[in-house]
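Read through the structure below, which is laid out as structure tokens, and then see the notes.
Labels A, B, C and D are assigned to the chains in the order they are written; within every chain, residues are numbered from 1.
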Amino acid sequence: MSHRTLGVVILGSGRIGSLHAEIVAHETPGAELIGVIDSSPAAAQILSQRLSVPSMTFEEALGRADVDAIAVCSSTDSHVESIIRVAQAGKAIFCEKPISLNLAQVDEALVAVNKSGVAMMVGFNRRFDPSHRAVREAVVAGDVGDVHIVRITSRDPAPPPLEYIKVSGGIFLDMTVHDFDMARFVTGSEVVEVFAQAATRVDPAIGDAGDHDTVVVNLRHADGVLSVIDNSRQAVYGYDQRVEVFGSRGVASSQNWPLHSAVTMGAQGGTSAPLQNFFLERYRRSYQLEWRSFVDAVIDGSVMPVTGADGRAPLVLGMAARMSVQTGRAIAVSEVV
Amino acid sequence: MSHRTLGVVILGSGRIGSLHAEIVAHETPGAELIGVIDSSPAAAQILSQRLSVPSMTFEEALGRADVDAIAVCSSTDSHVESIIRVAQAGKAIFCEKPISLNLAQVDEALVAVNKSGVAMMVGFNRRFDPSHRAVREAVVAGDVGDVHIVRITSRDPAPPPLEYIKVSGGIFLDMTVHDFDMARFVTGSEVVEVFAQAATRVDPAIGDAGDHDTVVVNLRHADGVLSVIDNSRQAVYGYDQRVEVFGSRGVASSQNWPLHSAVTMGAQGGTSAPLQNFFLERYRRSYQLEWRSFVDAVIDGSVMPVTGADGRAPLVLGMAARMSVQTGRAIAVSEVV
Amino acid sequence: MSHRTLGVVILGSGRIGSLHAEIVAHETPGAELIGVIDSSPAAAQILSQRLSVPSMTFEEALGRADVDAIAVCSSTDSHVESIIRVAQAGKAIFCEKPISLNLAQVDEALVAVNKSGVAMMVGFNRRFDPSHRAVREAVVAGDVGDVHIVRITSRDPAPPPLEYIKVSGGIFLDMTVHDFDMARFVTGSEVVEVFAQAATRVDPAIGDAGDHDTVVVNLRHADGVLSVIDNSRQAVYGYDQRVEVFGSRGVASSQNWPLHSAVTMGAQGGTSAPLQNFFLERYRRSYQLEWRSFVDAVIDGSVMPVTGADGRAPLVLGMAARMSVQTGRAIAVSEVV
Amino acid sequence: MSHRTLGVVILGSGRIGSLHAEIVAHETPGAELIGVIDSSPAAAQILSQRLSVPSMTFEEALGRADVDAIAVCSSTDSHVESIIRVAQAGKAIFCEKPISLNLAQVDEALVAVNKSGVAMMVGFNRRFDPSHRAVREAVVAGDVGDVHIVRITSRDPAPPPLEYIKVSGGIFLDMTVHDFDMARFVTGSEVVEVFAQAATRVDPAIGDAGDHDTVVVNLRHADGVLSVIDNSRQAVYGYDQRVEVFGSRGVASSQNWPLHSAVTMGAQGGTSAPLQNFFLERYRRSYQLEWRSFVDAVIDGSVMPVTGADGRAPLVLGMAARMSVQTGRAIAVSEVV
């Protein structure tokens, strides 16, 4: 790339698209926000005004020479088509997770990307969270030794709207997908077997909608590590995000952040603040670092820190988890792929 | 009971018997250590001298009027016979866990106890640990709301000798048995389904001996709660004992204790002490409180805080866990009993 | 004020001026950055380009109708003159601390502000830090009861350049001034007596320059509270900022934040991250909230959360501390004022 | 010493004497409790029965060949006479702090001890607390570098009876004396200057009795370190005992222990247990280790870990603190001695 600043356009101006646009505009050295695209021109208009950048059509963005990368942050069902068009236009791709809920379509997208040779990164932002990353770094540095057990807790503060749950692909593809990625990330090892238990504990309406709100998922990795994930749609004390890697030389774990650091002690004991509420607070830093990694990798032409294959693998594990719940047995990943 | 002080004799003068003898002798108001019994007179001699109490035979203890209770702390395979004899002698029984590794024998012992009408408590000491107990109390007080997920981590500092592993009944009956009890204790709900994953990660010789050293066990309770337990035979940083109960109104959890509370901070970050090494340090307080509960319950004639049924249930779950490892599927507890 | 958005110009484009400009431009709802001023046009130019706002002269800013407030972030010795001119122009004033190192000049500025009737807030940003603020709120809520003792620790990661130290007014006016403000803030009580101990422990060159790098300062408040402050110019583990308020019903304290939340445990014990390095990280949130408070107070015409008197008081305490070091005795504040 | 077990007699059967007797009897390898002495035979009787050792007179103890050491745990005003008699009898001395409230008498005792050549240790038990000791060890190991600032917080859960306060020598000699010792212990440096602030915040009756209940004391050490101590007679959340040593390479600090480790998190935030209530809980381990050190040093004939001079120095500092409160200025220790 001949220039030093990466021109970026954001496709999608919903909650996550707006976040990415803001981070590219103000918090990403080496990137310039060229414009925003939305199928809903009104939403794009608001965002474009707030960030003082033009709103444009997808076609326009694909055709502009100063656009080096397009971030696909639109609704999941339109991801694959968008990826294919951006790839054909020869621009780098940042794609929000999941690539698609349909494995065949994921593969179609990956083929198009490979064929065009463009760089693509999938937005598993938690890999860039400084605390989870420090856990991974402790593993890489050998501080944990051989890994034996991974524990991941991931609980949302409150369930999403039922309408969203109905199109989300279910809790395994919507929530656990992040934890599948985390298990692969911190161990550096693929998963070969999945067992899952699921329950409806938070809201019967979620069960009526065909989904679960409380799940525990066990993974066996290719190198023998056992991982266990627990998810809930509702932790009333805030966004609970913890990763623990245990092994022959020790244990590394990431903790939650309270809203503030003050504590009080009285005759009845101590009190402290609830946790940061949700991902916009807890993971803002991870989004910043995610963008810096993407920009650096595109400019340097180096390997993407989260590849298309990294985007595909958690989808497979989510499908295995669903199958495990249906059958009551551990599912070999090879049964799914 | 007409007198206020409970006369206690300890059967077995190994590590755990010696501990109980010391606690009864010096740290249990309302109890008096009358003597110690051991099939190995030499070992009993040392203990009797250290605590200034007589060493005696089992027969002698059974026949003495000032002996109100006998603590069965001998080797597991002799528990049932001892229990039956103590029950027939009409004395209260404190029995170290497990009652037996054989379910039929457990039932034989429970029948004898019921028939004689003596009080019996099984030594699941962790229920009396002030931190785990505070977790249970938070559940009872409603601070957790409806329970959704329980997480229990239990890791020993180092594996026992291989000779012990060969006769221990395996990790599920030797280690996990405590965690099965904890899951029942903190939830107050029976377990109906068990799934287990097992691996040999610490020492291949353990696998060669037919056991595992690293396991993850999932439980589904009658009331729908999902519990997940992870065990390792070797945590190099000390004895790792944590319980977490998550529910509709919050989460309660017990943490580990470091060897001391000092921390240092330097340019490279903070350092702190390793954890307390093993159960003699971590759970000493629980043994004291366990004895106080036993003495109070015998004197008051109230319900034992850990019953014979509480001693039986974890054995069944351990058998289900073994079956799950063999079959790769979730086992209904009803398949075992 | 007839409009809803506050037009702000930043005077001074050094480190702190740039920070305020950025926060006004991107992170302060209700405010608009109209431009930046600097005596050094080159520095202002860089900042103006980065934030896409015009660089302008002081005169220009004073004359523009769309400028509602000017933030005085230039060098300390020019503060008073700038304040007077902004006051005369009838615009609201945000003034970085300290107003001046000269008490007579501070009073001159306060007179001018009072006379003109404009709003002025002094930039004691730490009052807006969520953790310190939660400590104050615990006091106000009565959780601490009657306050007995306040402990404030404030240690910089590394000394500033010697050139800065020579013009800073010394450690009491440069560093401790924040802690004097904090002691007044968390107690809500004026200080009546000051005792100080000072030493040169970090770098002899600081002593040679006539300053100290390590000080302990004791305060007695009008309501009888005892406060104790300790400062160091160099904490190699990061920016150490803690406040503790102890009283009849309990204690409230704010803790430091590590760079990340990950911890590891091995056979040698635990390790954790160093603290956030300095005020740009630790207090960024406080600057955001400071600006929101300023904007709200100007728009609402309500009392400023940090007044000119709040800017003056710590200067007096710093002078008393210097006098205490010279005389070896406690100094009544009435001796200074 | 020709035998391996140290014969110990405890003089005084009040709260602290009973504690020492129990620890010697059951928790001190290498020591044997020979008997207990009390001017009140009834109290000694109870203790002697509880521990199954004889109650005896002081004369009897002094004359017995199997008594190697006498622990002086009687009321403070009788310490010196007892010390002198034990020294003349050629037995080792363990003396509870303070040796005396009268400096001349302290010196008289030290002269007698030196003349007789017996070993004497003064009971500053906090030096043996594993957490405070780890702070000292971090200093010795160089982890803190050159020490710059020491902070010591020491707050009792509740004031003692007024009768005790009237004879205690005042808060500086009764409470702060421990902290003076701690400041000398962790730094390894003598104190040369003392400044103190005192207030009555907890209970006016304490002030009416001529004492204070809330004090802050500043020390300057011979090597330039600044220490600051804060004390309160009443911390409703439990016994607050913290030491922090800050220096050129970092900071080491000891933290408090809660009653249990369980924490809960709900929508309103976290809750945790109050602190351990008082010294019997917090410092039990320190008393055990204190006795082991004493026994080892007597048997080995090595230097006592807390010498008579260590017992004298804090008394001098307490006197200087009183003088500072009276004069409002820093007192050179040389003014007192």
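Structural remarks
In the analysis below, contacts are C-beta pairs under 8 Å (C-beta built on N, C-alpha and C of every residue); 3 or more make two chains touch, one makes a residue touch a chain.
Worth saying up front: this structure is predicted, and the values here are computed from it rather than measured.
Set side by side, B-C and B-D show the greater C-beta contact count at B-D. In this assembly, D is the chain whose CA centroid lies farthest from the centroid of chain A. Chain centres here are Cα averages; for chain B and chain D they lie 39 Å apart.
Inter-chain centre distance (chain B to chain C, centres taken as mean C-alpha positions): 57 Å. Multi-chain contact residues of chain B, defined as those touching 2 or more other chains: 236-237, 249-251, 265-267, 273. By the touch criterion stated above, chain A contacts chain D in their complex at residues 236-238, 258, 265-275. Chain A makes touch with chain B in their complex at residues 146, 148-149, 151, 153, 155, 195, 197, 199, 201-202, 214-216, 218, 220, 224, 226, 228, 230, 232, 234-237, 240, 246, 248-251, 327-330. Of all the residues in chain C, the ones that touch chain A in their complex are 26, 52, 130-135, 138, 143-144, 249-257, 259-267, 273.
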